[in-house]
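Listed below are the structures to be examined.
After this come two complexes, each holding chain A, first together with chain B and then together with chain C.
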Partner chain A sequence: MTVSNTGVTAPPGQAPAARSAATSRPGTRAGTAGKSLRERDRSGYLFVAPFAIATGLFLVWPTISGLWMSFTNQSLTGTGSEFIGFANYAEAFSDPQVWQTLWHTVWFTILSTVPLVVVALVMALLVHTGLPGQWVWRMSFFAPYLLTSAVVSGLSAWLFQPDIGLLDTWLAALGLGPVGWITDENVAMFSIALVTVWWTVGFNFLLYLAALQGIPAQQYEAATIDGAGGWRRLFSITLPQLKTITGVIVVLQLLASLKVFDQIYLLTKGGPNGSTRPILEYVYDIGFTNYRLGYASAISYVFFALILVFTLVRLMPTRKEA
Partner chain B sequence: MSVAELVAVRRARALQTRAENRALTKLTIGPSRWVRAATLTALVVLAALWLLPVVWGAITSFKHEAEAALPASWWPSMGWTLDAYQQVLSNSDLLIWMWNSLVVAVLVTILTVLISAMAAFAFSQTLFKGRGLLQWLTIAAIMMPGQILIVPLFRQMQALGLVDTFAGIVLPQIVAPVMVFILKRFFDAIPQELLDAARIDGAGSWRLFWTIVLPLSRSILVAVAIFVFIGAWNNFLWPFIVTTDPQFMTLPVGLSTVKNAYGVQYAQNMASAMIAALPLLLVFMLFQRRIVQGVATTGMGGQ
Partner chain C sequence: MTLLRGRGATGQGSPGSGSRIRSRAESAGGLSRRALLQAALAGAGGIALGGTLAGCAAPGAASSGKTPVMIWDLFSGGDGALMQEMVGAVAAANPDIAVDSTTLEWGAPYYTKLAMTSSGGRPPEAAVMHVSRLAGYAPGGLLEPFDLDALAALEVTEADFAPAVWQKAQFDGQLYALPLDTHPYIMFHNPVIVQDASLAGPDGKLDLDAVAGADRFLAAGRAMAEVTGETGVGWGYQRDTAGCWRMFWGLYSQNGGGYELTPGRPADLDIEAATEVFEFLQEMVDGTVAAKNQDGNAAAGRFMTARTGTMFAGEWDLPMFREALPDVGATQFPAIFGTPANYADSHSFVLPRQAHPDPAQREATYRVLAGLLKEGLTWASAGHIPAYQPVVEEPAYQELVPQRDYAPAAEIAVFDPDAWFTGGGSDFQTRMGDAMTDTLAGEAPPRTAVTRMLSEMDRFLSQPNPA
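So, the complex of A and B:
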């Protein structure tokens, strides 16, 4: 199959060139063959159909039905489905549990995001220096990301075990008392953030590593010729070049952390004394343990509003930069 | 230029970049022996910290249950044993859950990649009425956190009779608007002349899609597939909501029930954790290069 830029002549009986030019979109070299454009018109629907149908069924429809549900007193057992207006929302705003679990979610997000960005950056910078054993470092830092949440919480429950767990054994060897890693209300959230950093930092590390590998070598060569030392190169070339990817990582991480559920549910079930329960777990508890689907939906939408505001404020500028 | 030639050129360019990068890494760090030693030390310490919990879990899994309940030790004083593995494999549905996870993850991966690639092709290479609106909707869908839909989605699955079925676990997971956009960006970069020439030779859209677009996008498709697979294999919340029958549970969900059932059986807990961890760790070792490249080529590298 050969390609030529010139020899494309329009077969007879096809749409006039003006039409193809009018319908062509910017950024592509369309408008070369009118017939192909007409063909594209018809097949586009077929190609987009499976995705559009799946999205409609499993994303758009539940979004709408959930919104409707949030205005009813629907229960999981099927009883009651009357329209009750904003009653669920009024209840949500005056429910201290909503604010508390929302705060836990935000607190976890703050605690986890900073180390998840900083540690990932440090790891990537260390690995990128080109020391031997690349394979080993990448493997070590990324491997925990491959573990499923149940394995991660199993492992960490064992690490955090009072007295016989690894951490307390070490502390005892240093003459320090046992810590209530996941049993002390004041410590539990830090422990969960610690586990989360260990578990998921590998993904951000790979993002940073890929960005580092994308920095043009010539810049370093030029700087070296100009006499810039290692630190100078780090602060004048490497870090400024990582600004965009850092913005992306921060946003992705914030969005991911806001949706925390798995490791908290599996490790502490939201305890001790509800001190680590995130809002998604509250939604789950209300909906599937208390059977109040309508109220659970309303809480979901309050939470969604929070994420949406955050996304619109933070994501839009990054999109423009990129 | 033929398709084969084009692919060859792309490969060559990738190889060249890699060689350049290798030279670059020498420059990012000073030649000072001190700096190199400090960096290496930091790497060794960090890597050890990161591997330690897994190694310790592995050792615990080979201990006798009685010793696992004693204060942590690195070397089993009562000797090594496979008891925990035997117990777990014969007394729990671990192998069934693994099989379920594999089926679910494979189905999710195939369906997600296929429908996302098709949609990306439609957005990138075809024109149709409402394309702009659909693209806009897809972007909006990226911002929708699926987790908040568990309640209405569960209701929907009940109505459709899909609770405790593979379809119920799989279908809601195949909607991945982010992947559509990653793929679209890649398809946009395919030389338009190539596609136009094929069209003039009489190729329909299906032929274009299967014989030109997909083969040229192999690297990105593999990268997307790997990430979708990892995501589906590890997904907890949705399978947890939609399955109640142990026979349909996926590995993460099933494991979370074992933990409750056995309470303090640490050796067994660790044994099932090790068995559960093994498949993905093997996949990673086999595809390590691809995964790292994948991050770069999916455009998530942020250039």
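So, the complex of A and C:
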């Protein structure tokens, strides 16, 4: 799964990089005397080798062997590796759990991506407008991002604890009834999204803050001289200038959210009644708890294909703009 | 997530910084950088190689002349320290054996690791397994049966075990698991609250008759709730699918429910009996007898702070409860329905299949396992009921309180249904627990839980056995 995402993430950021490298290259070449082209190319391979070997071993090979596995009835216990054609895929497409868990993943992505972009932007704007004690804000907004998923899940499990949890205790003090934060099927996914936003919003915040600091001050000065107020400057200078970084953040966030697994596995194990089980947990359950590696591979390739299609569709307009 | 974002971010900044590094390196001359890289590569290679070699070496073995025996266990709780103590005692008694015991966290990942190491052909010599998982492992050839003659030579025979657990350790007429204990799902009680609620016998402990039968049990729960001012019975079902399953399967067996789980055919349960169980549980989880929306941690917390009178839990929680309530009492599961039955499982030793079996190691393994069984008294102090009967009959065991009070649970033990997908730490238990949560929370009628469980069972039965 990581496989697909990294491969897919690269284009938006790297496409311009690759292009600029291509154009600058002839110039650099002309400037280097002595060494022949071929010699330089050979040393290039050497530089690429470590990464290429690691990629080959841990990315390309597992991707290929996983694809092969999805056409077999391979079990974790070592038995059965006969080729069974598309039987696993046929099962996956007719397995309601696949579609249900896929929807849970998509639902989580929707619930988390929107606030993770909007809240990050608002936080960055607030900090950028020059609140006193900048570093405190920067640190406290970013700090949760440094926690591991196990810590975040452990903390929130105590906050969300049914009956004696901190949040319910506060609510009770306000005279409000208990909320089944992670025990009510209709609420659990919102709680997980809430925790995720608190946990990871710092990264997007940092990207936005960096982009804000990159907007030339002259533009604001000129606008002020022309009589533009604060809101006018925000909507006519700041937000348009953040368009590119917003595109990057949205893509990164979508891909990160689609990969959701750890906080859900640690917090609810997919419950209550399977209402928060994401597709990756289903793959894990099938492959590692139920030992059906072949079928689990097939499901993950279906997921892979869906993400691939989605990303390609998303990339098309970006290409045109560039 | 971190990895992905890190890469995306680097991609953004790379063009400028990349070219800067290049030009600086060229002016300084490529050689030193190349040398540096080569050294780094060699270093990395060395580390990788060292890692591989270290991985190959048999731990603490050949050099000392001892026979290495590696045992995996899943005792990550308080009983883990006791297992270490027992291993130490056995190692001291067998100076020619180097016993290496490894504790892994219990749960689904433990069984994943065990299956993988067995299929890899180089598993530990022995491993602890819930006997309820045997049906998923033995048929697939992941385990090897025990040699009864070799065990008999070490004074371990069928006569030394309770019939129920011995029976459960068999597959295809052979012994595949050597039971270490029976660990039932029992009821703890706080003697003070029980006495105040007039539910105690002459010895000051819970009188099982006072909680026999559903109506009497619920009345007792209300009486205790009156004493505590909160709830009477502690049971956490939220986020504890294993606890849900243990409760259901024990009560269902008490209610005389049978089952048929044959792969390829629809699951069969006694729907009436199962529905009655949920009707009772819904009555129990009413906010007075037991808290409405409680998980295991909250229930244990309430019990240990005397805000509830009894607590349904595994006997392995005894050390934890005793720390808070030194005179905590415990009994077998109350007879809520007609037939006495007590959900239980058993920790047992299994022999994962070796690709290259070594007779000397096998012989040493038998000696270690027999030695561990005979250290059962130490094991019993964690709460477990030793499976090796000579230990149970020792006077020292009969003096362990409350262990001796719930020891009869082993005689009415009911284990998980026999099927390849059932057992402790299985996906099956999770799915069953999930299927009943809505009903337990009062958001669905009792029948819904049964219908959902049957449909989940059908799904498992329609899948191929991967082992």
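Keep in mind that, in the parts below, the second predicted complex is superposed on the first by the 279 of 322 C-alpha atoms of A that agree within 3 Å, B and C clash if a C-alpha of one lies under 4 Å from a C-alpha of the other, contacts with A are read in each partner's own complex, and residues count from 1 in each chain.
Simple rule for what comes next: a contact is a pair of C-beta atoms (placed from the backbone, for glycine too) under 8 Å apart; a residue touches a chain by one contact, two chains touch by 3 or more.
What you see is a predicted model; the values in this text were computed from it and never measured.
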Contacts of A:Y291 with chain B and chain C, given as first, second, both or neither: second
Contacts of A:P144 with chain B and chain C, given as first, second, both or neither: first
Chain A residues touched by each partner, larger count belonging to chain B or chain C: B
Touching partner for A:L131 - first (chain B), second (chain C), both, neither: first
Which superposed partner A:L207 touches (first chain B, second chain C, both, neither): both
First (chain B), second (chain C), both or neither touched by A:P115: neither
Chain B versus chain C as contact partner of A:E185, first or second or both or neither: second
Contact residues common to both interfaces of chain A (with chain B and with chain C): 2, 5, 24, 28, 32, 43, 46-47, 50, 161, 163-164, 207, 248, 255, 259, 288
Complex interface listing, chain B residues touching chain A: 1-3, 20-30, 32, 35-36, 39-40, 42-43, 46-47, 50-51, 53-54, 56-57, 60, 69-72, 114-116, 118-119, 121-123, 125-128, 131, 134, 137-138, 141, 143-156, 171-172, 174-175, 177, 180, 188, 191-201, 204-206, 209, 230, 233-234, 236-237, 241, 251-253, 255-256, 259, 266, 269-270, 272-273, 276-277, 280-281, 283-285, 288, 291-292, 295-296, 300-303
For the chain A and chain B complex, residues of the former touching the latter: 1-5, 8, 23-25, 27-30, 32-33, 35-37, 39-48, 50-52, 54-55, 57-63, 65-66, 69, 74, 123, 126-131, 133, 135-151, 153-159, 161, 163-166, 169, 172, 198, 206-207, 209-215, 217, 220-221, 224, 229-230, 233-234, 238, 244-245, 248, 255, 258-259, 261-262, 266, 280, 283-284, 287-288, 293, 296-297, 300-301, 303-304, 307-308, 311, 315, 322
Residue ranges of chain C touching chain A (in the complex, touch as defined): 1, 3-5, 7-9, 11-12, 14-15, 18-19, 22, 26, 30, 34, 37, 41, 44, 108-109, 111-112, 115-116, 118-120, 140-142, 238-239, 241, 291-295, 297-298, 301-302, 421, 426-427, 430-431, 433-435, 437-438, 441, 463-464, 466-467
Of chain A, residues touching chain C in the complex: 2, 5-6, 9-10, 13-14, 16-17, 20-21, 24, 28, 32, 43, 46-47, 50, 73, 75-80, 161-164, 178, 180, 182-183, 185, 200, 203, 207, 248, 251-252, 255-256, 259, 268-274, 285, 288-292
